[in-house]
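The letters A, B, C, D and E name the chains in turn, as written, and every chain counts its residues from 1.
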Amino acid sequence: FAAASLAGPLDAAAELWSEESGHQTALSYAGSSVLARQIMAGAPADVFLSANEEWMDAVEADGRLVPASRVDLWGNALVLVSRASSPLPLAELPQALSDDRLAMALTEAVPAGIYGREALTALGLWEAVAPHVAETDNVRAALDLVALGAAPFGIVYATDAAAEPRVTVAATFPEESHAPIIYPGAALTVGPAEDFLAFLQTAPAQALFAEAGFTGPPGPAP
Amino acid sequence: MSWLGPEEWQAVALSFRVAICAALLSLPFGLAAAWALARGRFPGRGLFSALVHLPLVLPPVVTGYLLLLAFGPEAPAGRLLDALGLPLAFRWTGAVLAAAVMGFPLMVRAIRLSLEAVDRRLEEAAGTLGASRARTFATVTLPLIAPGLLAGLVLAFAKALGEFGATITFVANIPGETRTIASAIHAFLQAPGGETAAIRLTLVSIALSLAALLLSEWLAARMARRVGA
Amino acid sequence: MSWLGPEEWQAVALSFRVAICAALLSLPFGLAAAWALARGRFPGRGLFSALVHLPLVLPPVVTGYLLLLAFGPEAPAGRLLDALGLPLAFRWTGAVLAAAVMGFPLMVRAIRLSLEAVDRRLEEAAGTLGASRARTFATVTLPLIAPGLLAGLVLAFAKALGEFGATITFVANIPGETRTIASAIHAFLQAPGGETAAIRLTLVSIALSLAALLLSEWLAARMARRVGA
Amino acid sequence: MTLSVALRHRLSPAFALEVAFDAPPGVTALFGRSGAGKSSILRAVAGLIRPDEGRITVDGAPVFDSAAGIDLPPHRRRFGLVFQEPRLFPHLSVARNLRYGRRALGLPAAPAREAEIVEMLGIGALLSRRPSGLSGGEAARVAIGRALLTEPRLLMLDEPFASLDAARREEILPYLERLRDHAGLPILFVSHALPEVARLAARIVVLGDGHVLRAGPAAEMLADPEAAELLGPREAGAVLTGTVGATAEDGLTEVHLPGGTLHLPGVTAGEGARIPVRIAASDVILALEPPRGLSALNMLRCRVASLHRGKGPGVMVGLTCGPDALLARVTARSAEAMGLAEGLEVTAIVKSVAIGPADLGGG
Amino acid sequence: MTLSVALRHRLSPAFALEVAFDAPPGVTALFGRSGAGKSSILRAVAGLIRPDEGRITVDGAPVFDSAAGIDLPPHRRRFGLVFQEPRLFPHLSVARNLRYGRRALGLPAAPAREAEIVEMLGIGALLSRRPSGLSGGEAARVAIGRALLTEPRLLMLDEPFASLDAARREEILPYLERLRDHAGLPILFVSHALPEVARLAARIVVLGDGHVLRAGPAAEMLADPEAAELLGPREAGAVLTGTVGATAEDGLTEVHLPGGTLHLPGVTAGEGARIPVRIAASDVILALEPPRGLSALNMLRCRVASLHRGKGPGVMVGLTCGPDALLARVTARSAEAMGLAEGLEVTAIVKSVAIGPADLGGG
């Protein structure tokens, strides 16, 4: 069970692992919230790769994890994208927006939205920007709004920005403006699940993710 | 209902407005499409039927994306409407369009079924009594398909209340403008611990649709009584 | 169609199977519910109608979540079915259930509209000719509502093809087991760069539903010709 | 087998049925103006209306009894009903419409019977058609055939001939007569055409506004000058029973009545059979003495039994011709000119050709 | 205003219409067996069937012309059509059904006319009802009223009286007669009842299997012994035109014919009016010399013009009574006994009461 935003590199990694270990993997992508609820309802999942820590916390609190299997696998950066190719200092965002919209994922629910809000707040811009925010279901939709010109700016992950040729990164949010963006993973069953998690931390696997724009694990596993 | 916050009230009011508008606005188009499908014999009828059903088959997000492509601020259709003073992007009007499109196949099918059940001999009779085709339609066909129209409205209304996939993709989720009950529920469900708020809104949604349903059932019963069936 | 990978083919085949099963399985229940709503006069009829419409009004995720709560591996109903050899959770059978539930209001409404249009005098005639109620239903009512049944099947089928919200919530998105076209499209759209794959699958989905539609239109036309209308 | 009906039912605030009558084997005609309640009675007997109260029994066995809480559904009553509208099943071919009842009842196919009925109704060419393209009369005939083929224990016909031409009627009536005479089943027959009623019916129930205005044996009702007012004076006439005698080469058959012998065309019954002969009151001419050189062949010596002056210029003269009662309708002026009075001997002249097949029972 | 119809249309592989006839002002009856194509012709004239080829004109102006590509839609033809089934609008009350046509045509409401028609049809009590609960005859009457109220320039009636009782028929027929005589509009009238046809129709078109078998003025057709075979021998009879004379106190009215005077009951036309009188062939008795002491009041001196032996035991005798033609049907035996031969002088005896209101035009 994996967050949908991991789909591309994870597929490749899983293939690689299957070749190496001979184990078949079945990957089920969906939003982290959906996955977490399924797991808490008893879904027969072996590994849970979440896009944020909150849902992993929830699953952990529910007692579903193999103790001590939880690791932070990847990190990501938050960027401001636009269709114009010129960089924009973040502080000028409110002026640049004027009457237009800033596309973000749901600022109270979806991780990318939560991080974005946090960052804007930290930068003291949230008050000015909030009335102009157009929230979308997920990061991809926010990106689409920008790509299609419906909104001039959007806040998305660096990974998304890298995959969409129609937008350019106007600014990157400083790391310290928001809580670290962490993709935690954990095993739900013992055995191969733990092996897979371990494999994801190996160099070849991390390389696949780095290619897609993910940063490495932000710190040593707790 | 003091247990709903002002933002939630806003969402409820907006949902209601969007659903009503979506249902009513799609009615004439649904009627026209149903007529074409039930009575028309033109090349490409099958294709047209498929097009009408498309929003049912496609994941709502796709529909929303297509709407964005067609009516986004950079698309010609979107620009035209904008110039005409009917901006759709990020407006509740866009939510209406999204909801209407999603409910369209349901409405068309309901009306079409009713149309196909109309006794054509009554339309013939109207013609011999001096009623033009338009008048026959208005005074005979339309009243006879009233159950289908009503069913279509109810389905479109209910669908509009429950729709968020296409809506959120097309016009995002802006409190007070495009944040309908369904989007709000969805948002609440994304965050851990949002269940109670989601349940509250779900109940409101159910109450709204129940009211619409009961109204429609009552209207239908009244019509049936009038026909004496 | 060499441009579809084996995984994609799997999704197409699964979607097709799920959609067919969902449409056919919900037919008898849809018929029963439509009958109750069209002909029944029982207390709680309005409530029942609301219940039937619920999946239309609720965001699909909510429906899926409710299904998970009701039929999940840890819920009594889910355990019972599991023990009976019909596990639902995270199986394609669960996807069928989710799709069937989502399409149910559409099917019921189509059948109900047809039922309400049936000329009761023909049923009376069948009775005086010696046909019991059951036989009258099978030999008179059922053939006369065939257009509604067909429309209901098409709607349920199309809806099942397009459904992913409830499905993904209830039974996840497991390749080969519950990863239908719609879920696959959804997943592709969430990941960066998945558009082309999404478009390919969307086209397949459209082709499937178009085929179903054309088949149903052809059947309907044949029936209409048989009735000589 | 006798049907017994007694029921009370309010159809609308403005209209209530309240009827009681018996229908023994043979034809009972329900006669009455449009809106009198004829079709509603048939619906109640068939089980399609549940009366507010009453009892409907067949040979004493109730199919409906409000007091006892009995209400057999239509299909368990096995009463055949030909509705006023054809009500054919639009999704079935004519042939399958015809066979619908037998299949529903689990009766074996009856090809011979079916062929006979199809032939009589002239619907052979329609068998593979769908009902939607049928003409009004064609549909009506298929509906008749459909009911006949179920072999019901009671047959109800609601204006079965309304949209049929006279020739077709002449082909169906003998069939109904045979059914009436051989099957011993009660037939309820609704018709506005008194000649048909007189020909078929043993009993007549005259309805008005939901009530039975008058009921009785057809012969009595038709010969009763008072009932004649209800039935319409132009339609009144006596029904006599005669014995069929020899048929001459010219096609005229002797029919012996106690009061004399009639020479009638178109008699189909065999020699020795006893058949009803309807003589319409307006077809009888009275003469004080037997005239000569007349084209009319049938003369009966009768005695004037009663004189009823109606509202119009006509007088209904009741006659006794031997043991038979005859009715003659003459103008008041003639009655006066001839000095008609009770007890007077007169000759009743009837034209042979005025008595057509519709007036003759099939024996 | 004259309607002219000439069309060819294939309805099914087995049935094709191919007819041509004219309908001048007054009533033209379409007569024919069930399935002959009567309703289909009305549908074509009304514009509900588009014939394969042909021309339908009103006073020369085409409403349909396949050659010229003209095909007016039904509502622009302004032809009223009473269908064989009532076809009432189920969602409208009876009153609104009645008013439907006038509103559709933008005609002003006509309360007086409406009241008159409602009264004549006896549907006053039904006005606020919905059609679904109406009896068969009630619905048929509403359908008639609905068409009459549109004031069409052509009226087509498809068996309008099939489900009506005789008394109701007697109330509607005079209305149609007045319409026929005053409005000068052509009326196409389909009926299986020859008395009605004879009473109303100026022309008769006999149809069989989609073709016109015979067409002509009603008087000729009915008096023509050969046409009598098509119409049914029992129904044959001559239609004479007489001048209404004085009405005596006893209700009998003198009607002067060139060949003699008849004393008839139930004449409603005023003195001096010229009315048609239908005398059915089977109601005429022939005598070699005027008999005496008879209840029959009407005797005409006539001469035998022709003798037609039919298939049965009857002989149709054509008579000339002055300038009028009369038809008498007698048995072959009588004809022989009386020595009937062309040129013989005979007395034709007709009972006054045998001629009922249905046989008399309203003038």
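Some observations on this one:
Throughout what follows, a contact is a pair of C-beta atoms (placed from the backbone, for glycine too) under 8 Å apart; a residue touches a chain by one contact, two chains touch by 3 or more.
Being a predicted model, the structure only gives us computed values, none of them experimental.
Path length between subunit A and subunit E in the touching-chain graph (shortest route): 2.
Distance from subunit E peaks, on a Cα-centroid basis, for A. Among the remaining chains, the Cα-based centre furthest from that of subunit D is the centre of A. Over half of the residue numbers found at the subunit B and subunit C interface occur in both copies, marking it as a same-residue contact.
Inter-chain spacing, taken between the CA centroids of subunit D and subunit E, is 26 Å. Centroids of subunit B and subunit D (each the mean of its C-alpha atoms) stand 60 Å apart. If each chain is reduced to the centroid of its CA atoms, subunit B and subunit C end up 20 Å from each other. Work out the mean CA point of subunit A and of subunit B, and you get 35 Å between them. For subunit C, residues touching at least two other chains, in rising order: 61, 65, 186, 189, 229.
In subunit E, the residues touching two or more other chains are 85, 133. Residue positions 31 of subunit A each touch two or more of the other chains.
Shown are all chain pairs that touch, namely A-B, A-C, B-C, B-E, C-D, D-E.
Within the complex, the subunit E residues that touch subunit B are 46-48, 73-75, 78-81, 83, 85, 87, 89-91, 100-101, 104-105, 129-133, 146-147, 150. Contact residues of subunit A toward subunit C in the complex are 1, 4-8, 26-31, 34-35, 37-38, 41-45, 138, 140, 159-160, 162-164, 212. Per the touch definition, subunit C reaches subunit B in the complex via residues 45-47, 49-50, 53-54, 56-62, 65, 105-106, 109-110, 112-114, 116-117, 120, 147-148, 151, 154-155, 158-159, 161-162, 164-165, 182, 185-186, 189, 198, 202, 205-206, 208-210, 213-214, 217, 224, 229. Interface residues of subunit B, counted against subunit A in their complex, comprise 61, 64-65, 68-69, 72-74, 89-90, 164-165, 168-169, 171-174, 179, 186-192, 194. Residue ranges of subunit E in contact with subunit D, taken from their complex: 11-12, 14, 32-35, 39-40, 84-85, 122, 125, 133, 135-138, 140-141, 158-159, 162-168, 192, 194, 232, 234-235, 248, 250-252, 263, 265-266, 281-283, 285-289, 291-297, 312-314, 328-335, 338, 349, 351-354, 356, 358.
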